[in-house]
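Quick heads-up: structures coming right below.
Across the two complexes that follow, chain A remains constant while its partner is chain B and subsequently chain C.
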Partner chain A sequence: MSIEVRNLYHTYAQGTVFSFDALKDVSFDVGAHDFIGIIGHTGSGKSTLIQHINRLLLPTKGTIVVNGKDITSKDLPMKEICKRVGIVFQYPEQQLFEETVYKDVAFGPKNIGFSEEEIEKNVKESIELVGLDYEAVKDQSPFDLSGGQKRRVAIAGVLAMKPKILILDEPASGLDPMGREEILKSIKKLNAEVGICILLVSHNMDDVADYADKVMVFNKGELVMYDTPAKVFADSAFLEGMSLSVPQGKKVLEMLRDKGMDVDTAPYTSAGAIEEILSKFKAKADKA
Partner chain B sequence: MYDEETEPDKKALDNVNLSVKTGEFVGIIGHNGSGKSTLAKLLNGLLLPSGGDVLVMSLNTRDDNSLIEIRRNVGMVFQNPDNQMVATIVEEDVAFGAENLGIAPDEIRRLVDESLKIVDMYEFKDKKPHQLSGGQKQRIAIASVLAMRPKCIIFDESTAMLDPQGRSEVMQAMTNLNKNEGVTIILITHYMEEIVGADRIVIMENGQVVMEGDPRSIFKRSDELKKLRLNVPEIVEIAEGLRIGGLDISTGVLTAEELVEELCRLK
Partner chain C sequence: MIKDITIGQFYPTNSVIHRLDPRTKINATFLYIIFLFIINNLWGYLAALVFLSIVTLLSKIPVKYLLRGLKPLIFIILLTVVLNMFWTQGNVIWQLWIFKITDTGLTNAINMGFRLILLVTGTSIMTLSTSTIALTDGMESLMKKIPLVKRGAHELSMMMSIALRFIPTLTDETDRIMKAQKSRGADFESGNIISRAKSLIPILVPLFVSAFQRANELAMAMEARCYQGGNNRTRMKELKYEKIDAVAYVLIVLAMGALFATRYLAFSWF
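On to the complex of A and B.
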C-alpha cells in the first residue's frame, strides 16, 4: 500500500476565534500505481490534504503512512519524504528561477543529496518524460520558453527527485486546449509506463473522467466519496449540490433520458456517450 | 489599430485591426503567447501601442488627458480573485474604484448596492473577502468594476481558477450584464464552452487576428482550430463523433440543449 491516511483532521488557527476545520476525519488508501482524481469546491480541503502527504503540513490529529513509513514522525528526515512524494503546485512555472533549464531541473535532486551522475541522468530522463527535447532545451533560459513548456520544466524539476508519488494541483489550468491535452497525456504516461502513483487535483470534470481510475470527492473538509469515475459521476444531483458538475457526455445522456429516450446513462466520457447513442440508433435502424 | 513591440525583434501584436460595437459580446481565443492579454491591456491603456492607435469611444489611449475617462469606461477582471481585493469588507472593496473617481458618498452607496445586486452578492456586503468562495470573490471583483459604471468590461481568463459552480456563476453574471445592462463584454478564455453564446469570436495567432466570425461558423472549422492549438467545445466534439458514426446531426450544434433537440428530431 502506497498511502494510508487514517482519521486525519486539520484545524487552522486552532484555539483562536479564527479556528477553522479544513479536514475532518479523512481516511483512505491509495495503491502504489493508482491514478486518482481529486475534486471538490474551492475551500473543500483538497490543497490542505495534499500538503499533508509530504509533510508541508502536520495533522492536527490522525496518521499518514507512505510506503510503510509514518511521515508525521519527526524521526523521518524531510529529504526522505521528498524522495517519495513530489508536489507540483498551481502555476508551478512561477517557481522557476535558474539560468538554464538544466540547472532548474537539477535543483531538487542536488538539494536532497543525489550524486552528480545521478543528477545528470535524472535531469535528462525527467525532461524527456515531460515531452521536451533534452538537447534543445537544456541550455536555454526557462524564461524564454512558452507557457506550456515552462510548466513542463517545472514538473520535470519535481520528477528529477524520483518520487514514487506525484501530486499535481490543477496542472493544466491556464494552458490552451492543446497544451492542456499534452500535459495530461504526459501525466498519464508517467502513470502507465513509469508506474508513478498520481494524485490529480482538478476542477475539470471531463479531464478527471478521461484520465483517473478512481476519484475522491471532497466537500467542506470531508471525503464524501471515493470510488470509480463511473460511480462518482453516476449521480449528477449529488455532485451539483457540492458545487461540482458531471462531464458533458454524461449530461447529454441524462438530458436524453429526461426527454424519454431509452438510453443507458452509465457512460461518463464523451467517447462513451457517443458509443451509447450510436448503439441505440443502430438498434432502432436494425429493428426497422 | 495597433502594433505592439515588447522586444526589438518580437512583436506581441502585429498590425491588428479590430472594432468592437457598443453592447457586443466578443470572445477572444488563441494559444498561450498568441497576444490575447497584450491586446486586452492595450484596450484601456495599461499598455500603449508601439505603432497604431487604440480608440475608446473616440478617445485615444495615447492622450494622457483621456486615460482616466477611458479606464472608467473599460474595466478589467483578471484571473486571480485574491489579487484584486483591496479592502477588508466586501462593500468597501466594491466602493474603492468609485471613491477614487470622486463620486459623492450618497451616490457611491447607491452604486455599490446596485452593483452588488446585479452580481447577486448583496447579502454578502458585510462579509470579509476571505469568507467567500472563488466564484463569489470574482463576482465582487465584477461589482467593483461595475460601481464605476463602465461601458465595457474585459475578462482576462477570469474563470480559470474557479470550480464548476464558480465558473457558471461568473458566466451568468457576465451574460446578465451584457443582455440586461447593455455592458459590452470582451472575454478572453481557454474554455471554448464559455464563448458559444458570444456575438463574435476573434482568434489570435502570432499577434494577428487570423479568424473571426460567429460561434456557429467558427466551431464548424475544428481542423483549423486544432492547428492553432485550440479546440471546439466538448459538445461539438460529441456531435462530430455522432456524425462520423452516421447520424445526420446538423453542423451548427453548439450546446447540450441543441444536441439533445437534434437527437430527439432523429428519433
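On to the complex of A and C.
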C-alpha cells in the first residue's frame, strides 16, 4: 500500500499565543514495500507526521492518501484505517493492560472486527513473528515479562491487526544491544518476507543506515531530504548542521581520511566501513 | 476535555495579584469563601461579583481563560439550580403537571447558581495567580500555625505539591495511551454508557501502572538524595510579607465588610 502526502501543514494550538507550526509543506510518496527511515532532531516534526498517517491528528492543510483513499475524510471509519496502518509508539510496552498476553495481542484485531478463528491465527503468527514462544507466553500476564519481552508483545499487538503499513517510533530505544538487533531484524524480515511497508523513526543513525532503503530527514517541520542512505549520509556537515550525525562506520572512515589514510568514505554502514578498511590493509600487505 | 482542567494550572502575568504573598492569597480566598456563604441575597452576590471582577482585572488573567475552569462543572451547577428550583416549598408561581416553581425555589436557585460560580472562579484566581511551589509553601507555613496539623504540615504540603506536579504529567500520559489504544482500534466515543465505561479499562490500567512506577521512582530519587521531611528544614526562599500584602489585607477586610453589610439590604424579586 502506498502513501502519498501532499503539502501537509500542521499547526498546534492554532489561533492562540501558543501556536506552533509543527509541519510545513511536507510532500512525499512512499511505495508499497518500502523500508523508510525517518530521522530528525527532537521537535523536528517526526512524531506529528506519523500521527497523521492513521488520522490521530488531522492536517491543518494538505492531503494524505493511503492506497488511493483520502484518509483525512470523515467518511472513512477509524477501524478501516487501523486495518491498513499500524503505529507502534515509543515505549509501546506502556500500553499493555490485559490479564494475559493472548488477550492483549487480541485486543486490536477484536476491535477492528476479525472473526474468532482469524484472531487466534493472527495472534499466534504475530507472537511468533516477534520471536516469542507462543505456547510459553500466551497465558502469562504481560506484566510478568521482562522489558524486552513486553516490547515484543506490544509490537505483536499491532502486527496482529495485519497492517500493510507499519510505523515504528524508536522501537529499539532502551533495549540492550542484543534485543535491539533482534527487534530490528524481525522488522526487516516483515518488510522482506511479508512485504509490509515500514516507516522507522529513529535517533540512531546506525539503525537507519543498516536497515532502511530510503531516508527522510526532517528539520524544524520541513522535509529537507528524502533519498537513499548513501546520498543522505554523504554530507556529514549538512547533517551536523541539524544536530544529526552520520553512522559510526562512516565517522571512523572520515577520521581515518583526515589523518591521512587513503580510504573511500562512501560506505556508510559499520559492515561497509570494516570491509573498506580491511581491503586497504590487504592491498598494503599484498604490495609488501 | 482533558485540556479543560484548569485546577492547579498557573497563568503567569506578573500582576499585583501574582506578586502577593501566597499566604495573603490563601487567607483572602478563605475569607472570601466564608463570606460567600454568609451573604444571603442578590445584592450580596452582586457585590461579590464586583469584588471578583476587580481582582480578575488586577490579575490580568483573561476572563475567557478563567471561565474555562467552569466548563467541567456546568453539569453540577445546572443540577443544583434545577433541584433548588423545583423542590423547594413556597408560594407557587408557575406550574406544569407535577413540576412547580415557587418563589423561594427560584430565589434559592439563582442564589445557589451565583454562589457556585463565584466560588469556583474565586478559587481559580488563586491557583492561576500562584505557582504551585508558592502555593504549597504558603499552605505549609499557614498549617504550622494550626495546633492539630502542625506536626504533619511539611509532609502534607509536600504531598500536595507532588500531586499538583503530577497533574500535567498524567494528562500527557493519558493522551499518549489514548492515542496508542486508538491506533489499535479502540473506540472511546460511541456506544452506551456501560460500553463506554468498559472502553476506559485499556486507558486506566496502563495509567495506574505507570503512575505507581513513577511514584516509586520518585520516592527512590528522593531517598537517594537523603530527603527527610519534618522539622528543622530550612529553605532557600523564605516567605516574607511586603507592604502590598498589608494593603491587600486591609482591602480584603473592607471588601468583606461590604459583603456582610449587604445582609441588611432588602432584596426581593416579588
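Rule of thumb we're sticking to: the second predicted complex is superposed on the first by the 287 of 288 C-alpha atoms of A that agree within 3 Å, B and C clash if a C-alpha of one lies under 4 Å from a C-alpha of the other, contacts with A are read in each partner's own complex, and residues count from 1 in each chain.
Criterion: a contact is a pair of C-beta atoms (placed from the backbone, for glycine too) under 8 Å apart; a residue touches a chain by one contact, two chains touch by 3 or more.
In this text the structure is predicted, and so the values were computed from the model without any measurement.
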item	value
Room on chain A for both chain B and chain C (clash or fit)	clash
Contacts of A:86 with chain B and chain C, given as first, second, both or neither	second
First (chain B), second (chain C), both or neither touched by A:11	neither
Contacts of A:112 with chain B and chain C, given as first, second, both or neither	second
Touching partner for A:95 - first (chain B), second (chain C), both, neither	second
Partner chain(s) touched by A:278 [first = chain B, second = chain C, both, neither]	first
First (chain B), second (chain C), both or neither touched by A:140	neither
Superposed model, chain A: greater residue contact from chain B or chain C	B
Partner chain(s) touched by A:186 [first = chain B, second = chain C, both, neither]	neither
Contacts of A:43 with chain B and chain C, given as first, second, both or neither	first
Chain A contact footprint on chain C (complex, rising order)	176-177, 179-187, 201-202, 204-206, 209-210
For the chain A and chain C complex, residues of the former touching the latter	51, 54, 56, 78-79, 82, 85-87, 89, 92, 94-97, 107-108, 110-112, 143, 157-158, 161
Residues of chain A defined as touching chain B within the complex	40-43, 90, 146-148, 170, 173-180, 203, 205-206, 240, 243-245, 247-249, 251-252, 255-256, 259, 261, 270-271, 273-274, 277-278, 281, 284
Chain B residues touching chain A - in the complex, by the definition given at the top	30-33, 79, 133-135, 157, 160-168, 190, 192, 226, 229-231, 234-235, 237-238, 241-242, 245-247, 256-257, 259-260, 263-264, 266-267
